[in-house]
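Paired with subunit B in one complex and with subunit C in the other, subunit A is shared by the two complexes that follow.
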Partner chain A sequence: MRFGFTEDQLMLRDTVREILARECTPEVVRAVWEKKSPKTPYGTLAEAGVLGMTLTEEQGGLGLDETDAALPLEEAGYAALPEPIVEAIAALPVVAAHGGGAWAEKIAAGEARLSISIGDARLVAFAEQADVFLRYDGKKLYLAPREEVALEMQVSVDRTRSIAVPRFTDEGATVLAEGAEAAELAALVFDRAALGSALFLNGLSRKMLELAVEYAKDRVQFGRPIGSQQAVKHRLADALIALEFAKPLAYRAAWSVAVADPERSLHVSLAKLRASEAARFVAKQSLQVHGAIGYTIEHDLHLWMKRAWALAAAYGTEDFHRDRIGRAILNEA
Partner chain B sequence: MDLRFTEKEEAFRAECRAWLEANVPKEPLPSGDTAEGFALHVEWEKKLFEARWAVVSWPEEYGGRGASLFEWLIFEEEYYRAGAPNRVTQNGIFLLAPTIFEFGTEEQKKRILRPMAAAEHLWAQGWSEPNAGSDLASLKSTARRVEGGWRLTGQKTWCTRGAFCDSAFGLFRTDPTQERHKGLTYFLFPLKGEGVTVRGVDRLDGDLGFAEVFLEDVFVPDRDVLGEVNKGWEVAMATTSSERGLSLRSPGRFMATASRLVDLYKRYRETCDPALRKEVIDAYAAAEAYRWYTFGTVTRMSQGGEIGADSSMNKVYWSEMDVRTHEAALAMIGDRLELDEGSPAAEDHASWLKGFQFALAGPIYAGTNEIQRNIIAERVLGLPRK
Partner chain C sequence: MKILVPIKRVADPDNANKVKISGDGTEVTSEGLEWKMNPFDEWSLEAALRLTEDGKTKSRVGEVVVVSIGPKDAVATIRQGLAMGAERGILVEGEDKKLDALVVAKILQKIVEKENPDLVVLGKQTVDGDSNLVGTYLAEFLGWPVANYATSIRTSDDGKTLTIVRELDTGAATLEVKGPAVITTSDRILHPHAVKNGVTPDDFAYPESEGGRYASLKGIMAAKKKPVEETSAAALGVDAAPQVSYVSFKLPPARSGSTTFVESAAELVQKLRNEAKVL
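Moving on to the complex of A and B:
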């Protein structure tokens, strides 16, 4: 038993952290929010091998697994990266291994973007940016090119997210699998995307907490930093506890996915449930500590907070994951 | 990352499971915080020690097995899974012993550790005083230098199982010219004998779990000073982080409670409030989170890391989780929740009421959760003290 990361994994995290610190500043996230199409680090992440990291070396990837991807995904959340990195890491191995090699290569190279639509999920994210959709319709798993998907655009509370209600046709589809195999692969992609979202959410939480801690040290009222007041301290201590006890469940789920543990879905649901709850909780604490400045669009907090709200419901709401846990542990039919 | 247990660890688990299955009393013992129950618990502790399960992580020379921290966690999981009795030796083996290993002399280790593990000599904690609770450094008990040792005078309180134990450990002011954290010394002192008066105090749950200890010029030889004279605060802090952190409350305990809650729900799911399903699942998720958090801590410690102020996060987390889990159970048993031990209609549920009352103490003992949150905010997050 060794529940920690290797030197290599920490190095990869640092690489991603540096790229994002340089190229995914709050200004970049804000520019996406304002629909200014800024340059994002999508290409740089591809060059560093991050997008295709879970592909084998023959497929043009780094041959890494979910435990290697865990910290980079957390970093992506910390930077509120407005790109489909969770989707790329979740979907590419399945896409590449089942006849979608050409698409996988393009995505890993940063030349295309992929979005995911599994089962009766109402919405797709990255709707405008996506070149291709990985779709499971209950019978088959296929790739649908952008131009064959009718998108009814919606407005997300997080304006960096381009959201749509999709209508798929079979036109131009590359079928990856059918029947039982398709169901199994779709379940795997879903779990990997839920896991990725959990990690991303934990990164968002870390940033929201950090913003609040820094603010609490600086902001002076009644002649002293607000962070010296116990009521403020206790809120932030609780936020830290929520985050620190969500993280290990996500790392453990990463391991379970990587080794195809038979209880993979249970572990992913534990991770996603607790990460979503923690992120919503940290967001509330952080907002309260910021006072009115946090209640503006001018301040950066909302960029992270709204992403947290959106992701808390993506790839399974809290209720969905809680229910999955219940069915696994309560011997329910 | 490798979340598989090794063959050696699996074998260790199988061995403790088999021994516990064969030896754990079939009927739960009466509470270890009563005179009768305490004696039965001590008997159980002796049996554990003879089979070398009392202190698995200690070196063999003191009665342990030299087990790794992971093996210790495995032992704890199995121990609580088997429903084995609460450890009346815990304040010695989990709280004093780590301090002795770190600060004790060879003579102290040889003299104290084995009888402690063997439940031949039982230890209580003597920190709190009537006017020094959270603000422990304001304590008033003193120790006066005399030939060959010290004379202790003062009053300690809330001393768990103090009415039944042989000795206690605590802080006394040895330098009256110094204030607060300075000029304190860590003493091991008798709970029986000349100058010592111990008065048991009934706890909330009705057990004689607490004691007040009055000391009047009680002689303690030099060999019972732990660490340096006037450096007692530093020595004591080592114990508190064991208490809040890992050793006092390992995940096994809470996983066992969560799993009992799951069983309770399966029994009552047709009749109880459907909203309780959420509580059960959340309790399970919380215990799992604690388990994996702890595996992370133990991995760091095995690589030379320390717990430090992080132990305050553990403490707030496990204590509040324990209260919520018990609240869910009480909600499930409905109007029987008021039925205490001795009520035939309580069936096997009175233990939830007992457990609930004890859980309520969790946010108070080992440093209240308010104090822990201050520590987290100041030492982990770096917020200003003033």
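Moving on to the complex of A and C:
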């Protein structure tokens, strides 16, 4: 059995990596943070087929699955892409297959952005940028256009990912499903978004660790690079271990979602929980290694760190996923 | 129009600091390095793709064949070229360290004679060897005209006649060239108006870009089905014995990293002359 990624999947990763390296530099992320409305690579990603990759060929996509999307989403995290790519990849197949084809087409083409509000989640992310919201209210799953949703903007720890408390009405809604079907689809979208967030978090962790390692090599104190000190070295080693244990869980969850494994939700929770814990841990180690400079808003670390903090709580907090894992292993409903 | 584009895989130039020298100092080792398409070749491939498409509709109006010489896994670089839009690939198996510019040019000559393209468009040099010889050697062997360091290529009759702007130290030279020809490109070939083929509308501008086009996901999927022919120098009847051998390699000396502050320009000059010994 082969557990590695295919040559095609590595090429997909390389394409996304190249796009983001050129068009999603830390300067772009910082400009979004500072509300300067820079050009982000959202359009380029759409043009390359990334946003619509999980749509079927009939729906204008490539018929790829979550295992194909895994590495591109990790790359998006590595670049701290300030766009709702997790939401697009998580929701589009459901939206397109259940009567939301026109919106799916626009989102896949990079002409619209989608945000997700499932169940009793109080906040929606990318509230300022979203053109449409995928909402599940416990009875029906529907698309609500931005102009029909009242948004009460909130202060986000990550200013590149604006948040708001939404108030939905039925005006202009496109109902995708109702009853048991809606619940099932909403659960699928939720798991896909949690999985996407886990992959994104692992990308953020990789970048934060890289920043810390580079800094530890460059920063000289007492006549030697701080990375040569055991206390710093061990801190970085622990961060790498946390990340390396989080990654395979996310890849397994991607496979489980792709093949509709009956234990899909358990695997997604394992992946999201461990990715969130790892990202918060790596952020802390990176901050410690950077010392005072890491606390400043001028340093890039905070752009990655705050996204990690924000995403750790998105699509299920650590407590939520720990509880779901507990219930699954105890065979509770 | 049919264009042959030679592409070489090189160690990722963004990680050049990871390049290592073997223990005996006789070669550069490739362990742990990621391979990338030589950036100059990527730009030449982009130019070739622009010459063989309607830029506005992106419909193909010609054929681009990419050729690479190297070990079996160099096929990944060919696949990248195919994913960008080239129609076919050719891999000539060879060992990196046994390839010098002359051997490469001789192999390419045989490929050109077999493929009979209208143009050969290649990067002016590779970022590893930096020898800047292959294009000129190849043109000489073929008896074709060569235009090096092209910053603009225009043709309206499938490369039978070309107007090429070359970059010179002293400015730019505009040439009228009769195809078939060998063209080597510089990065300015990526300028939005640098390539015109008589099919793409004259007022069409390509987006500003630092490199070749991205391989779209659709392109990557399509690349799997595109043919890649495998051959070897021996099968092409080329004597692949290199004429150049490397005696030794040395990494540049490590920088001290110390910074000295000076009070005046006079002191700076004195230190540059007496301590750094660069004046």
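Operating definition for what follows: the second predicted complex is superposed on the first by the 331 of 333 C-alpha atoms of A that agree within 3 Å, B and C clash if a C-alpha of one lies under 4 Å from a C-alpha of the other, contacts with A are read in each partner's own complex, and residues count from 1 in each chain.
Going forward, a residue touches a chain if its C-beta (ideal position, glycine included) is under 8 Å from a C-beta of that chain, and two chains touch if they have at least 3 such contacts.
Quick caveat, the model's predicted, so the values are computed rather than measured.
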### Task
For A:Ile19, select first, second, both or neither according to whether it touches subunit B, subunit C, the two together, or no partner.
second
### Query
Between subunit B (first) and subunit C (second), which does A:His234 come into contact with in this model arrangement: first, second, both, or neither?
first
### Message
Taking the superposition on A as described, I'd like to know which of subunit B and subunit C A:Tyr251 touches: first, second, both or neither.
### Response
first
### Task
Mind working out whether A:Arg224 is in touch with subunit B, subunit C, both or neither, as first, second, both or neither?
first
### Task
State whether A:Gly49 touches subunit B only (first), subunit C only (second), both chains, or neither.
second
### Task
Considering only touches as defined above, state whether A:Val213 meets subunit B (first), subunit C (second), both or neither.
first
#### Entry: Partner chain in contact with A:Met11 - subunit B first, subunit C second, else both or neither
second
### Query
Which partner, once the models are overlaid, touches more of subunit A's residues, subunit C or subunit B?
B
### Task
Kindly list the residues of subunit A that each of subunit B and subunit C touches, one partner per complex.
none
### Complex interface listing, subunit B residues touching subunit A
1-6, 9, 70, 262, 265-266, 269, 277-278, 280-282, 284-286, 288-290, 292-293, 295-296, 298-300, 302-303, 313, 316-317, 370, 372-374, 376-378, 380-386
### Query
Which of the residues in subunit A come into contact with subunit B in the complex?
1-6, 9, 67, 213, 216-217, 224-225, 227-228, 230, 232-234, 236-238, 240-241, 244-246, 248-249, 251-252, 254-256, 270, 273-274, 322, 325-326, 329-331
### Task
Report the residues of subunit A in contact with subunit C in the complex, numbered from low to high.
7-8, 11-12, 14-15, 18-19, 22, 44, 47-50, 53, 62, 64, 220
### Query
In their complex, what parts of subunit C are in touch with subunit A?
76, 79-80, 83, 210-211, 214-218, 220-221, 223-224, 257
